[in-house]
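Before anything else, here's the structure in question.
Think of it as A, B, C, D and E in the order they're written, each chain with its own count starting at 1.
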Amino acid sequence: MKNQIKREQKQRVWFRILFQWHGSVLPSILPKVLLCGAFSIIIALLETGGLNLSLPLESGIVPSIVLGLLLVFRTNTAYDKFWEGRKAWGTLINTVRNLARSIWVSIEEREPEDRTEKIVTLRLLVAFAIATKLHLRGEPVNSELAPFMSPLRYEKLKIMNNPPIEVAFWIGDYLQRQFDRGYVNAYQLTAMFKLVDQLVDVLGICERILKTPIPLAYNIHLKQLILLYCFTLPFQLIAQFEWLTPLIVALISFTVFGIEEIGIEIENPFGKDPNDLPLEQICETMTRNIEDLITLAPCVRRWQDTP
Amino acid sequence: MKNQIKREQKQRVWFRILFQWHGSVLPSILPKVLLCGAFSIIIALLETGGLNLSLPLESGIVPSIVLGLLLVFRTNTAYDKFWEGRKAWGTLINTVRNLARSIWVSIEEREPEDRTEKIVTLRLLVAFAIATKLHLRGEPVNSELAPFMSPLRYEKLKIMNNPPIEVAFWIGDYLQRQFDRGYVNAYQLTAMFKLVDQLVDVLGICERILKTPIPLAYNIHLKQLILLYCFTLPFQLIAQFEWLTPLIVALISFTVFGIEEIGIEIENPFGKDPNDLPLEQICETMTRNIEDLITLAPCVRRWQDTP
Amino acid sequence: MKNQIKREQKQRVWFRILFQWHGSVLPSILPKVLLCGAFSIIIALLETGGLNLSLPLESGIVPSIVLGLLLVFRTNTAYDKFWEGRKAWGTLINTVRNLARSIWVSIEEREPEDRTEKIVTLRLLVAFAIATKLHLRGEPVNSELAPFMSPLRYEKLKIMNNPPIEVAFWIGDYLQRQFDRGYVNAYQLTAMFKLVDQLVDVLGICERILKTPIPLAYNIHLKQLILLYCFTLPFQLIAQFEWLTPLIVALISFTVFGIEEIGIEIENPFGKDPNDLPLEQICETMTRNIEDLITLAPCVRRWQDTP
Amino acid sequence: MKNQIKREQKQRVWFRILFQWHGSVLPSILPKVLLCGAFSIIIALLETGGLNLSLPLESGIVPSIVLGLLLVFRTNTAYDKFWEGRKAWGTLINTVRNLARSIWVSIEEREPEDRTEKIVTLRLLVAFAIATKLHLRGEPVNSELAPFMSPLRYEKLKIMNNPPIEVAFWIGDYLQRQFDRGYVNAYQLTAMFKLVDQLVDVLGICERILKTPIPLAYNIHLKQLILLYCFTLPFQLIAQFEWLTPLIVALISFTVFGIEEIGIEIENPFGKDPNDLPLEQICETMTRNIEDLITLAPCVRRWQDTP
Amino acid sequence: MKNQIKREQKQRVWFRILFQWHGSVLPSILPKVLLCGAFSIIIALLETGGLNLSLPLESGIVPSIVLGLLLVFRTNTAYDKFWEGRKAWGTLINTVRNLARSIWVSIEEREPEDRTEKIVTLRLLVAFAIATKLHLRGEPVNSELAPFMSPLRYEKLKIMNNPPIEVAFWIGDYLQRQFDRGYVNAYQLTAMFKLVDQLVDVLGICERILKTPIPLAYNIHLKQLILLYCFTLPFQLIAQFEWLTPLIVALISFTVFGIEEIGIEIENPFGKDPNDLPLEQICETMTRNIEDLITLAPCVRRWQDTP
């Protein structure tokens, strides 16, 4: 019975997604689909007017394979970028969690001030993530970052070329200082530095995804083949389908343009579209994890808490 | 002779799987398959009633390639998630085994209490795995976890946002304390910390798999193309197959919906369905490995056992 | 001239493989192929008896693509497992070599007994590999392992759930003891521990490959589609091929069942079939490498050899 | 409204790319396309002259699959090289950033001269990237490198076989010297050495990409199949298309040659073509990041700045 | 103008590769292609003699997909091995460079003899690469190795089962000795040991590639399907093409056998064929890099050079 209900629900979800407009590629490809349809109508009119424009249907399997291949290729490389971007942000979460735990557990607190400084640094980790988000979106340092650092640093950050790198410098500098004061040993310091390196690696990976579109030659060749295909289609179909031709051409071009458009949409996954990564949510999760951690008392605490 | 019997057995297994209902996608796709069949019956009725609804069979190879491509893509990305999830849990097993062995072998035991504390920590490793399982399934901390930690910690865990992270903190804090007491040297501590980091990495990987479905635009486009395909099918087949059309449409739509449904089923591999990962079993194996380890006496033991 | 001979030899090999029975999938798929052939004969008889069972040949390209896709998928995932298993054993060889060299080169020998103990540990490395092999094949600890450890340990091993993990514990315990005695420094100990971790990782990877078959839903769907395909084939071919139909159906079903069977055969590569990994050979190579190493005198030897 | 404008812009970009000449493969493949067209005209002339050269259209699906497969293969391996090259340079950026930050944050500055030396080393990191760029392009050491090192070193570099390796030696030597003077501890030194190793790894990866074209046998077989395909095409099409044959052959051969040419173009991504990696830009970004870092004061500074 | 010339050159290269015999698969597949052609001539003769051997052309799309799939699979796995082998040798170069630089920069030289010993060890690194090359080619230790080690060691190497492992032992032993003498600290020693481990890993990877052919079942099934395909081809084509059949069968079988042969040729990339890896060149590059390094004076040199 319960399964029955669950299954019906699944069916409903299936059909809701089917007709969803928001997040679909339809708005973007409609003009091109209509263009192909309109062109087919002209062909159909000319055909009715007595011109014989029909071409035999089968024009070879190899060009179809080539077009199919290019579409597959476009889709796969775009999705690979999407997924690599997602993985990079997953690594960012993991690294922030691990670095935060290491700092919280391993750096000594001889006085309450040490604890305060630790909390400041933990929040800098979140600041790194948010700064990376803004940097990837081409947005300037804004008020979203303010709660995670001192006003002085916030002002300084505003004038930097690459704010996340600056934040990473602060974290590294804090760690080095703790080592110089003897609050952490050299081995753990080195391990923590590696985690900071990982943060910067993530930043670099995201920048690489952002700045390396599909090679231009592919893009041009693919667009040319798609158009060639869609514009030769009515000649192939007109004899058989007559006045249905525009409809069928529209449907087929919808299929083909749709898959190309998806590639374009997900290639850069750091934006704010419904098809992009939920970076806001990821940053919030990170903040929550850090705030949770701060509520716990590690054994390296050498002073007495009095609440 | 023995080979003969083994082969016959294999054949029987082959046919048993063939007709298996439990774990198959049939229950989920039956409504959609019947819908397509019903639609075909209507078309067949109208055709018999004199309307000529037939369309020529060949409507171009490229849309078929595009649909095929999207299905391949759906299947591959879903399976990649399944397999990455499996790999993550494999890493979890390995890391728990390695960390347990390191703790058992390398941390000094000066008094019997040290050994007790070690056992507590080893059980926390299993608790980490179970907590991760519950967290991934969206279930609250429950009695399954109780035997692996003190009641105090169990209560504390119940109120955390992300219980596995808390468990990782306890393990890290235990290790740091042993270092502060001089029971383990800094290099081994750092190596153990890296293993704790790995545990948290696995958690992050699983969360990423769970929370990143296929991009929406793909999902919509795929569902639209499948439906488009299944609903234009009767028009293509009616002239040739007549009253067999509904049967054939049902079979073909079964093929296509089935492959899509598999993608949906295995995309999130952390559930309790027959197609999901055997997380219960994995956790049990882990528990057994840890209990086995506890029966062995490492050379770092400085006190005399008297059983 | 020499090239000529070499080429002729290659041609001979080519044709010898072609007709090889041992290791081919023919024995396993023959019943199913004959079944399809028999079914076709029945259809052909009924057709000759006057029933018109013929169906038009072309029943759509998409179901063919779906079946093709599933076969590709089956083959690729099975081979990936085969290859990942091979890689894991490659890593095992490498790690055993590296760990053996590290132990041999870096652990001090103050007395001849130290050397003896080293040799014992080096043989434990081979024992780990053999125990893993037996464990993966579901075989109990047997006499194959006896020469590589003391009788006491051999007996102990017999009663463990997971023998390789026990062997890893012994190796780890030996290393830790050397560190406690000051025969090796902490950094090298940590590096050696990492290699032991790698051994256990390999074990975990192999267990994962062994225990994770292709998701059930795929398996069922694939088998259903294959059978559906093979049993609709005679209806499609009967009009054209008449009494040749059974032959052709048998050939085609041979093609399809063959590729599915290969997937089944190589999915678990740890058995003893001709298509499995040569684990015996790998273990022998390892033994030979270790025995070679033992013949060399490292500079850490502090006592005088008198041969 | 805003979305509307954005969408129109996207459409314009789409069409601009479509007709772009610079960066497209058209200039390179035009001669071959024209050759195929000319050959078709000859066939058409002969056919009109009374010779029956027509061949039936369908000459088997398998050769088409083989050609398609080879084209896919060509494209994928070429793109993999492109992308691996991009990744290598991404790693280069990350490593330069991390090594620069480590040096800046962790190496002590007891006197202002220490700082100067640090800056010299940081600039050597950029020099490494530029030297790698020049080395990959087969260009000699030139004035581009001069600002990043002393004239003495610049002269020395000019006579080396592999300049980047020399730069890596200088960086390594600097780090070792700081360790010998007690300005950095052994653990951090080791971590920094690993980053230098990574720089050299990137160099090796790029050299590998550069020097390993697709295996010759593939290349020959692919070219032969393409030509075979394009030259049998007119015989297949002449009966149906008559005087349209040359046009259609030209279009199809454009499709096929285009995809092959793309493979050739992006296989070596280190050149200066529009389809190559933007190495100039990458080096500039790196320079900017380093100069930014130099403006910050790390806590290891033991002397008073007086600006 | 310059572009024009460059483009013409490219066209010439294109056509030169097209007709290249050396390195192409033609010599190997010619016998099989001729066999298929001859078989077709027999069929054509019988057909002319009055027997009706013609079969309808279309025998289903699924077997074609299966054959295509197996060919793709064959090609991809073979190329993966080729590329993995190339990567392994790339790693070898990188590791040799990094280890050489580490040794040169970090190990102290208190007397000129220390330097001589360093140079001996650096040359052993090259010896490792050459020994690996010979080992992979199944060649015995020969004079190529003599210049890189003392005659004593050269003789010893000749009697070992696996020479590269022996060389790795010598390198490891040298490093350990330096540590025992206090010429290098423990951290750097450990890092260098890891690089030696990497050398041995590369050896293991190459051995794995060499000793793991494609699973037998695949190989048999593929060869059977190819022959089945080529021998049913004339029956399918005879009605349409008549006396052109042998030519067309030869061309198609050339296509299919060619792609299979390429797989065979590049599967083992360590030989001396034109399609194999340029191991000679790689070893020479390595030698040159090492000799270059030796010309540089590192700061760890504590004695005065008098050139």
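The definition used in the following text is that a residue touches a chain if its C-beta (ideal position, glycine included) is under 8 Å from a C-beta of that chain, and two chains touch if they have at least 3 such contacts.
Because the structure is predicted, anything quoted here is derived from the model rather than measured.
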Point to revise | Chains touching both chain A and chain E, listed by label | key: D
Review point. Which whole number of Å gives the spacing of the CA centres of chain C and chain E?
Key: 23
Study note, to complete from the structure: Chain centres from averaged Cα atoms put chain B and chain E apart, in whole Å, by 38
Practice item. Would you pick out the residues of chain E that each touch at least 2 other chains? Key: 61, 65, 67, 186-187, 190
Exercise for review: Write down the ring's chain sequence, where chain A leads and chain B follows directly.
Suggested key: A, B, C, E, D
Review point. Which of the residues in chain C end up touching chain B in this complex?
Key: 27-28, 31-32, 55-56, 58-63, 65-67, 69-70, 73, 77, 160-162, 165-166, 168-169, 172-173, 176-177, 180, 186-187, 189-190, 193-194, 196-197, 200-201, 203-205, 207-208, 211-212, 215-221, 223-225, 227-228
Check your understanding: Where on chain B is chain C touching in the complex?
Key -> 3, 7, 10-11, 14, 17-18, 20, 23-25, 57, 61, 64-65, 67-68, 71-72, 75-76, 79, 82-83, 86-87, 90-91, 93-94, 97-98, 101-102, 104-106, 185-188, 190-191, 195, 229, 233, 236-237, 240-241, 244, 248, 251-252, 255-256, 258-259, 261-262, 265-266, 274-275, 277-278, 288-289, 292-293, 296, 298-300
